[in-house]
């Protein structure tokens, strides 16, 4: 009788239940704290893809200063980054590299498509070397329209991303 | 056979002393291009630039659009120098269509292009600062750049992509009391630009680091066909604004800056000196400008050109910018070729980096006044 | 700010905390009380004021907080407190956290910006907490073909070494130091010697090109700057006549050594900048040349640990500068002596009596010494941070020639000055002053 | 054409286009404008013509344009030559054009669309000629690396600047 109850399968179920219990106890406040930390510490990858990088540079300048929101400009290695801002046109030559950069970033990671070219191809909708938007390459979180977007627009995009992150589950802890 | 393979697919050399580094396209010191750098210890033995990450086919697309709708397209390669990159195209189209531009429009064009040159140069300087690890020098020019962007926004209505130059003049007249605001900003900026010397150009570490690195001699500068600040830092006094004055540059009072050293420091100093000259030009043009008058000649809709081939050039922030337009009696140009300063200066990069230290790579690369998006077109 | 997510409420947060409290109570009843009984049965409890510490005694804390003082005092005398809290890790981590915040704000002000602003209600004061929480929860990527054990070990060893460095520093008079080593300076040099090894190990184990170049650069830089670093301190050691750090501080009771050995202080300061990889000597992490140098492959909390270690190291070096040249905790008395009645009766303002429970734990000299030590250390940290906004990065050949030719020569000059003072009988053991 | 006039002393120089054609009689003058002379030279003699242009004072190539003429079944390559050293050539840019045969089904590098490279005479054409090779499929004989420059590594279509390469939706 006891042998029937104590089986590896049941032990697994028991451990799983315990895990659920612990998760239920810890997930909410810890998840709140971790989400809060992620919101205020978006470090963008240093990758420029086209001319919107000019306005991205201006956004980290003194007048717009995205560091107020915890976004550091020009961060070194992509292994420590969370945010990839696709700054404009993605050409056929750049697309595989962009995906490679995305794949090398640690979870959790977020994507902002900045500028008309990154969203739909923009002015270059009929060019032979430009992708019509980056949806086929990366999963985009926030679209920031404009050609190029003003820095204010980019900041608003970042704030929208923060709003989105608040509602995300923080449990994806690796 | 290996010479026929594209750069990314070539087999690496098996020499164990040589290490191949891929600098870019994701690299804090590369921008939108890739440099395949081979190093032996700390020395660069070979460098193969691999541009084209922003090649968008502007020239092909220009063949499908008429002379006017090409304007917003052709400014996209250098959005922060958009007036200057449109300038040769607009001059060429005026040649083809045979338009005479009103006097006031010429002055307005000069002012817009000089303001835009400052915008471009300040952004370039900011990136040069960050490439040398000097974060203050990123922030200060980025902040001061907003002054000129404000002025241009007043003039044109757009922050960076102005599309202000059109065949026959400029798109709209100056706003009211523009002269006062412009003079005030320029006065402030001239005070401010002197402070850059304190923190950047007179900085002993900067001087020690960039002097005598990447030296381009006068003969080599001519042989490689470099242009703009690279050429003038090597001692060749060649500025298209002086040598082939377009619009009203021959009536304005300014100097060209020439340095003889030809190293990265001289190349970085020339644009800074040019900005001061730009301030002079703006002030002079504002005083000589006719106070009223038309700024735009009305064009026929969908104008057609004759059968001719025009090559016009201006001095942009990165040097000579030539535009070769071939027209074949159609509303669309048959062929538009932009011969851009960045692309011409790129040829000097493998030549200069050979034998340099790895630490000099960012400073030499960016001192060439290279904007990858423009070079790729 | 919360426009889109209305269901995101503080009340939910509080409810989840209450949820947790409930679970804690359940767990404590089920597991905690049996554990306490086992402890009471089998483990000998400490004797405080002639009384055995029993649960009854412990529960009297609730009734009379002043009874807790002897226990806290007993705790403060233990090694654990010293290692974890006051002269050791706690103080250092607190100062390091403050350093990071001040660095970002100061740099921003220098660059006409605002800096971190919205994180935390006041001036982005919680920015560091945000960064830390994010780094903890981030994925850790180990490169393929990396040497995994060494790659894992390197950040931990880095923080461990930095903490070992911190433990050697005397903070206040009366033996407030974790490890009062007789040959303190030699111990410091021995600990510093570990950093290049850890750096090159992590760089090599990552099996990647940019970390490798960064590691080699760090090795060059640290080794070539350790020699002037050691030599520049020799003058102080000669004049103080002891290798013990506490002894060196005590030898400066009338004047700091920087008065007589300014050359050594300058050399030591430059060597600190190089050892810490601060701008203008941040070659091993040079962003625009080699991505992030030897930190390129670190992700998540491994990077966080390295950063923590770096700032602990920064505090430790600044503290060593204070100890060697700025007379450590010596300074004019700024803390008034505590009157006995305040300690026993508390402050009486009309009908209200306020007791200050913390006061009896400290004595006056210790408090005064700590304040002076922290003021001086913070000043040194400020000067270490300042070049970041002013200088561009130096090049490796300039760096090596600076280390090998100029600084070693200057530190020998410093030694000669010290020797001259010693033999002239002005200073040193048995000197005039 | 409304070009700004070069300084007075350079006007005395006989038109460089005329000089060129005098030297190479099988060439053709496209424009005799003093500021922008344009000459067309057959591809067999382009090297000599470039050397002669160098003697005339032109020391660098500013721009190299490739133009496709499918109706004439030819591809034209225009070298815009300028001078930094010669003061009298201040505002002058000579366009030296040559033409290569064009193939309907191009195999870049392996067909008859070939031209001699001017890199030996004007070093600055190196990257320009690489660009023309990928954009129009003109193989430059004597060029040290006829490699791809701007297009993606896996580009297998027609060279994009040919007129029969149609872009999306046009």
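By written order: A, B, C and D. Residues from 1 in each chain.
Note that in this section a contact is a pair of C-beta atoms (placed from the backbone, for glycine too) under 8 Å apart; a residue touches a chain by one contact, two chains touch by 3 or more.
Values in this document were obtained by computation on a predicted structure and should not be read as measured data.
Engineer: When the contacting C-beta pairs are counted for A-D and for A-C, which pair yields the higher total?
Structural biologist: A-C
Engineer: Tell me, please, which chain's centre (mean of its C-alpha atoms) is farthest from the centre of chain B?
Structural biologist: The most remote chain is C.
Engineer: Compute the distance, rounded to whole Å, between the mean C-alpha positions of chain A and chain D.
Structural biologist: The computed centroid separation for chain A versus chain D comes out at 48 Å.
Engineer: Calculate how many whole Å lie between the centre of chain C and the centre of chain D, each centre taken as the average of the chain's C-alpha atoms.
Structural biologist: Measuring from centre to centre gives 67 Å for this pair.
Engineer: Can you check how far apart chain A and chain C are, centre to centre, with Cα atoms defining each centre and the answer in Å?
Structural biologist: 34
Engineer: List the centre-to-centre spacing of chain B and chain D in whole Å, with centres computed as mean CA coordinates.
Structural biologist: 24
Engineer: What positions in chain A touch 2 or more of the other chains?
Structural biologist: 61-62, 74, 76, 91, 93, 126-129
Engineer: Using the touch definition from the top, which residues of chain B touch two or more other chains?
Structural biologist: Correct list: 27-28, 52, 55, 57, 60-61, 64, 130, 138-140, 143.
Engineer: Hey, what residues on chain C touch two or more of the other chains?
Structural biologist: Chain C, residues with two or more chain partners: 111-113, 287, 291.
Engineer: Which pairs of chains touch one another in this structure?
Structural biologist: Pairs of chains that touch one another: A-B, A-C, A-D, B-C, B-D.
Engineer: So in the complex, the part of chain D that touches chain A is made up of which residues?
Structural biologist: 151-153, 155, 157, 160, 165, 167-170
Engineer: Considering the complex alone, what residue numbers of chain C touch chain B?
Structural biologist: Result: residues 107, 110-113, 209-210, 213, 279-280, 282-283, 286-291, 388-398 of chain C touch chain B.
Engineer: For a test of understanding, state which residues of chain A touch chain C in their complex under the given definition.
Structural biologist: Interface residues on the chain A side: 21, 24-26, 28-29, 32-34, 36-41, 61-62, 65, 67-70, 74, 76-77, 79-80, 82, 104, 106-108, 159-160, 162-164, 166-167, 170, 173-174.
Engineer: Under the touch definition given earlier, write down the residues of chain D that touch chain B in their complex.
Structural biologist: 1-4, 6, 30-31, 35-36, 38, 59-65, 67, 78, 80, 84-85, 90-91, 93, 95, 109, 122-128, 131, 144-153, 160-161, 165, 167, 170
Engineer: Quick check on the complex: what are the chain C residues that touch chain A?
Structural biologist: Contacts found on chain C: 1-5, 8, 12-13, 16-17, 19-20, 23, 104, 108, 111-119, 124, 126-127, 129-141, 285, 287, 291-293, 295-300, 303.
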